[in-house]
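Sharing a structure with you now.
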Amino acid sequence: MSWLVFALAFWIGAWALNTYLANSRWRGSLFVRVLVPMLFGVTLIVLWEGIVRGLGVSPVILPAPSTVAQTFAASTDILWEDFRQTVLKGALSGFAIGVLAAFVTAILIDRSAFLTQGLLPIGNFVAALPIVGIAPILVSWFGFDWQSKAAVVVVMVFFPVLVNTVQGLRETDAMQRDLMRTYAATYFDTLLKLRLPAALPFVFNGLKIATTLALIGAIVAEYFGSPTRGMGFRISTGVGSLSIDLVWAEIAVAAMAGTAFYGLVAWAEKRVTFWHPSHRRS
Amino acid sequence: MQDTAEAPVISATSLDLTFQTNDGPVHALSGVDLNIAKGEFVSFIGPSGCGKTTFLRCIAALEMPTGGTLTVNGMSADDARRARAYGYVFQAAGLYPWRSIEKNIALPLEIMGYSKAEQADRIARVLDLVELSGFGKKYPWQLSGGMQQRASIARALAFDADILLMDEPFGALDEIVRDHLNEQLLELWARTEKTIAFVTHSIPEAVYLSTKIVVMSPRPGRITDVIDSPLPRERPLDIRDTPEFLAIAHRVREGLRAGHAYED
Amino acid sequence: MRGLLPILTVLAAIVAIWYAAVAPMNIRGALDVAERAGAEVMPTESLARFERPIWRLMVDNPQYIALGYSLDRPRLPTPVQVGSELWKTTGEMALNGRAFSKRSLIYHGWITLHSTLWGFALGTVLGMAGAIAIVYSRVVDMSLMPWAIISQTVPIVALAPMIIVLSSQVGIEGRTVPKAIISAYLCYFPVLVGMVKGLRSPGAAQLDLLQTYSASGLQAFLKLRLPASMPYLFTSLKIGIAAALVGTIVGELPTGAISGLGARILIGDQFGTPLAIWAALFAAAILAGVLVTLLDLTQRATLKRMGMQA
Amino acid sequence: ADDVTLQLKWVTQAQFAGYYVALENGYYDEADLNVTIKPGGPDIAPTQVIAGGGADVIVEWMPAALAAREKGLPLVNIAQPYKSSGMMLTCWKDAGIASPEDLKNRTLGVWFFGNEFPFMSWMSSMGISTDGKSENGVEVLKQGFNVDPLLQRQADCISTMTYNEYWQVIDAGVSPDDLVNFKYEDQGVATLEDGLYVLEENLQDPAFVEKMQRFVAASMQGWKWAEQNPEEAAMIVLDYDETGAQSETHQKRMMGEVAKLTAGSNGALDPADFERTVQTLLAGGSDPVITAHPGDAAWTHAVSDALN
Amino acid sequence: MQDTAEAPVISATSLDLTFQTNDGPVHALSGVDLNIAKGEFVSFIGPSGCGKTTFLRCIAALEMPTGGTLTVNGMSADDARRARAYGYVFQAAGLYPWRSIEKNIALPLEIMGYSKAEQADRIARVLDLVELSGFGKKYPWQLSGGMQQRASIARALAFDADILLMDEPFGALDEIVRDHLNEQLLELWARTEKTIAFVTHSIPEAVYLSTKIVVMSPRPGRITDVIDSPLPRERPLDIRDTPEFLAIAHRVREGLRAGHAYED
């Protein structure tokens, strides 16, 4: 009971502090911009801990964050092995192949207005489909190891990036294109100096969507067969053997990896498309 | 329409241009005859939609006339484009936001294959010409509208085209900045002896700048008046208060009003 | 309708490539079947065949390539096989008056649609509420926004079994609610992001205008922010419903295994009947297409009525 | 009527025919019970469901139940309708596998999710490592839900049940002559499957015990009927299958095989079988499923004693 | 600065406004003194960034001065805003695209709680006033720029504010349309006897419209000249060619040039 009260008190206190910080005159500073969401996250964890302890929730249903943290610390070798298998081998290689393929395809079909008109609606449609469903098929095609996971990721990532890139390549305004014509610029000049840079904000849009899809794809695919390692393997078997704390540790790794990956892409976006109105600071 | 002794740099004979749109054809230009001699400064003025931009775009071979003939430097407009005969300044500065000012000016030079050293040289020269030295490393959005517009003029000047096509380059600027840029443009024109075709909405601007003012009327876009300016080439800003100036302005305004339907 | 020709051409190309791929994908299966039927195949040993590259098998046994187009359990079925399986489990059953039999994809599509719509409704409400809170409160904006992004990096599949157990512990029976929760989890994010953008889309000038009328906060919301956000809302709703469908299917994939299109995919996988998987996949695709198209039509109608060009 | 919720270990199929027969034929009604049968699925752990209060009694394999007990979830076996184990390892004969010794240096498909324990015990009893292919080791794959890995030769052997996956291999067109089966029963590493488990604390309540007595009795009545009427039992199961994907031939055949496994049981757990299972699990090598003998608290005859 | 007999409608005394920005403080207004009497038409002119908009926004209580006093109708600016003392016309028409012209004009009326009948009545009246009757059911994008601007003026006139604040309302229009709207605005002002504060970049426009012209200079924004126009209230467009007109225009231009730094 006292745990619940403590958690609630912490929540109210953190909320009050956050409200104060967010309206204070330091609200623009990096420190506060990081501290406020951190405090929010810590509050969530404290609430979780408080509820689990306060209500005596069974650890095989929902372990307390402190338990998860202990398991995390005790199983770093397993977590690292799984991380390598799923993220480094499955998700990242699939992401790289899928993105590259989408990019090259976009540039190739972009030369033909006909192809673009045909592929864009189809690509848009496919991007909206529940592609994860093909995981069992691809596992049966490409075998059990990371290759089939990468294949799932390739397919999932391909369409959002393709559609966004094609869209981006068409996103130059008429005046910018006319300018190139007044210089009698070649196709490659125009592609390199105008259309690719102008497409970058869109490409990054697609990349950001792709980062979250990549992890989900790699993990789901492991449900349909895998070697005896990998985050999806550990999560799916962990539930069966009631190692729920290890499952949560894997979830934490996935969230951290996903956030880091997303953050990396967002950072690159900021660097590369610094000129775009949404990134300018004045 | 009056000819000059030399062969004209730009020559249009009964030029027609009709756009096919969903709502039927739009006659943007119809029977346009005009000769522009080397070194002239020609302004085009007329109500919105009368075809000024379209005419400039025809000269630049960005638009294909549907009738009549048009030669630029004695060749077809498209050949002239390929020969990089002109620099074009758009209404909005149209700088590429991912390139610094320097790099924006370098753009045509890169495409035309100038060497790095030559590029640096020319960039420095034109930046100086438009009084932007020191701003080369800045990005377009870090500059005021007037500065951006000057950068876009610098970009059009960086390579050796001796025709300059300018489509309302100062439309977005305030009157004072505009006056100043007008003065500078005249100076530059005097120094470089380029042929300039200049679209504007402002009567004083047209009168102040031009050796020849072309008044147009809409639907179908045709030329209603061509006024050869009696003003001297040397023009202080004060000239705008002289009776000669006002007389020309009055004639332009009358020409405009004739072609204008008020219900816009 | 001029836009239709390129789409049809590309579709035709896809079907052609698909057909061409069937031959190499299925040659091994075809040779196994032929061998068991007593035919002479090269090489005769099943094990030896698995060590041969596919192209060799095709060159050595050209007469059996055609067999690959009519296997019962193909690695890659032909479009016609998928189509006829789809028809058998939908149209034909409907014609026989068994549209809602448990063997009909219409029934399973309905189950999936049901949770998808619940998840969509829940996700949309959450997303909108979150967006309003973010736009009107700086604290919420600063603390919630990063976590909204992080939430999407959590592999929701991992949470699925726990969501089922937890919801049964709070007294919710059946799979609809847990599936809807998963689908809402994936759906709320695009709605949130789109609505934040939309509610913030009115420029300072438009807000100032209301200031000059000394309008109340509620008036500003109803008369400016909400209508201004409509185009964004619909765009994100379309993404949202697609995400909700993905969520439902992910929720049905490893956990449901009872009914719904995801369960059909899983059961098809378990019993080694690829045609069932493909049919369920295409049914899911059709469902997604219908849902997005419906929203698109609503968008056009609404925006047209509001006088915004679609 | 008293409410009872039963959580199955897997999807609706003839493996659980007894319960569906008891429901359909009204045996539960006669025992004044209102029984809800919850089908399972690949990601549903009955142990977790019962811990969360989602079921009163579950069908579970003993290794998983004992493992859960060690994790602090005190499950107790109250009845054991399955006398023998149906687990096998099914291999390609042409891969050159004839005896368990030949498994070394091969790729084997194994079910996880709490079902891997018998396999691990078996391997460790033979001194084979499961850390990858080697002179004295095997490569283990987490087998999915189908027999593709065998058919596509991604694995040399896969786990099968006599009543289910084995027949899927046969249905795919493989001749039984091309296969070699290693039954866990024959290898002496069989563990008890498909027992009924409840939470220990509930057994303190005599009313609950009495309710379970009625439940187990009615269920066994269902099982015995199913053994005698396999065709009809399979059809009853099919009626309850919500996926609509099960086929009649497959379920009838499954019922026939399942009947062989349930035949020897009257519902009561044989303590000798329990002891054998525990010993097998304790022999689990470096990473045993359970580290200590769970003791006799892990099972009770309190419920099944009422059967006769 | 000159006072009129009546109590002024708008009265600013040593008004200061400093924006705190990342690059340090920006002095947008500094020591501004001005009185505007009932029924006056006051134009504000000055180079970009001199604080014209800021001053108008202070009057409208959209910006809080950091020093000095400002009263509107004898009360504080914010009270005047709450009392709905003025209509504000922004540079861009700023019509809501999802509302028809009618509904756009109804917006302030809805907010201020007018009855449906009263709304219809007023909409019809102001549409007539700006010569847009018959266009009420159209959407903004179906109208030309000039018509949109007139609709936005109608919106500001629909409720009974007797102060009209207009921030470059005609900035985006071409000269001929602008002339026409200027004429109409004068007419409307004469008829309704509102007090108008009007920001513009155009010298002829300022001189043509105003009874009083306020010339401002930037950094810090201050008033450099206040010119009371000797022109009669009745002003045909031709008045712009008269010497009186040109004299005032010249004085304005000189005032502007004095305060202008060319490097903008």
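A, B, C, D and E label the chains in the order they appear, each numbered from 1.
The rule is short, and it goes like this: a contact is a pair of C-beta atoms (placed from the backbone, for glycine too) under 8 Å apart; a residue touches a chain by one contact, two chains touch by 3 or more.
What you see is a predicted model; the values in this text were computed from it and never measured.
Common neighbours of chain C and chain D under the contact rule above are A.
Least step count on the touch graph, chain A to chain B: 1. Shared contact partners of chain B and chain D comprise A. Geometrically, the chain at the heart of the complex, using CA-atom means, is A.
At the far end from chain E, in terms of centres built from Cα atoms, lies D.
Across all inter-chain contacts, the pair with the most C-beta pairs is A-C. Rounded to whole angstrom units, the spacing between the C-alpha centres of chain C and chain E is 55. Per-chain Cα centroids separate chain A from chain D by 39 Å.
Centre-to-centre spacing of chain B and chain E amounts to 33 Å, using the average Cα coordinate of each chain. Measuring from the averaged C-alpha position of chain A to that of chain E gives a distance of 51 Å.
Contact of a single residue of chain D with at least two other chains is seen at positions 42-43, 45, 48, 51-52, 144-146, 148.
Contact with two or more other chains is made by residues 161, 165-166, 169, 254, 266, 268-269 of chain C. Across the assembly, chains come into contact as A-B, A-C, A-D, B-E, C-D, C-E.
Of all the residues in chain C, the ones that touch chain E in their complex are 205-206, 208-215, 219, 223-224, 227-228, 230, 306-309. Remark: chain A residues 15, 18-19, 22-23, 27, 32-33, 36-37, 39-41, 44, 61-62, 114-119, 121-122, 125, 128-137, 140-141, 211-212, 215-216, 219-220, 223-224, 231-232, 235-236, 239, 244, 247, 250-251, 254-255, 257-259, 261-262 touch chain C in the complex.
Residues 42-43, 45, 47-48, 51-52, 64, 67-68, 71-73, 112-116, 130, 139-146, 148-149, 152, 154 of chain D are the ones that touch chain A when the two sit in their complex. Here chain E touches chain B in the complex through residues 47-48, 144, 146-147, 174-177, 180, 201-203, 241, 246, 250, 256-257, 260, 262-264, going by the rule given at the top.
On chain E, the positions that touch chain C within their shared complex are 57, 60-62, 81-82, 84, 86-88, 90-92, 94, 96-100, 107-108, 110-112, 139, 141.
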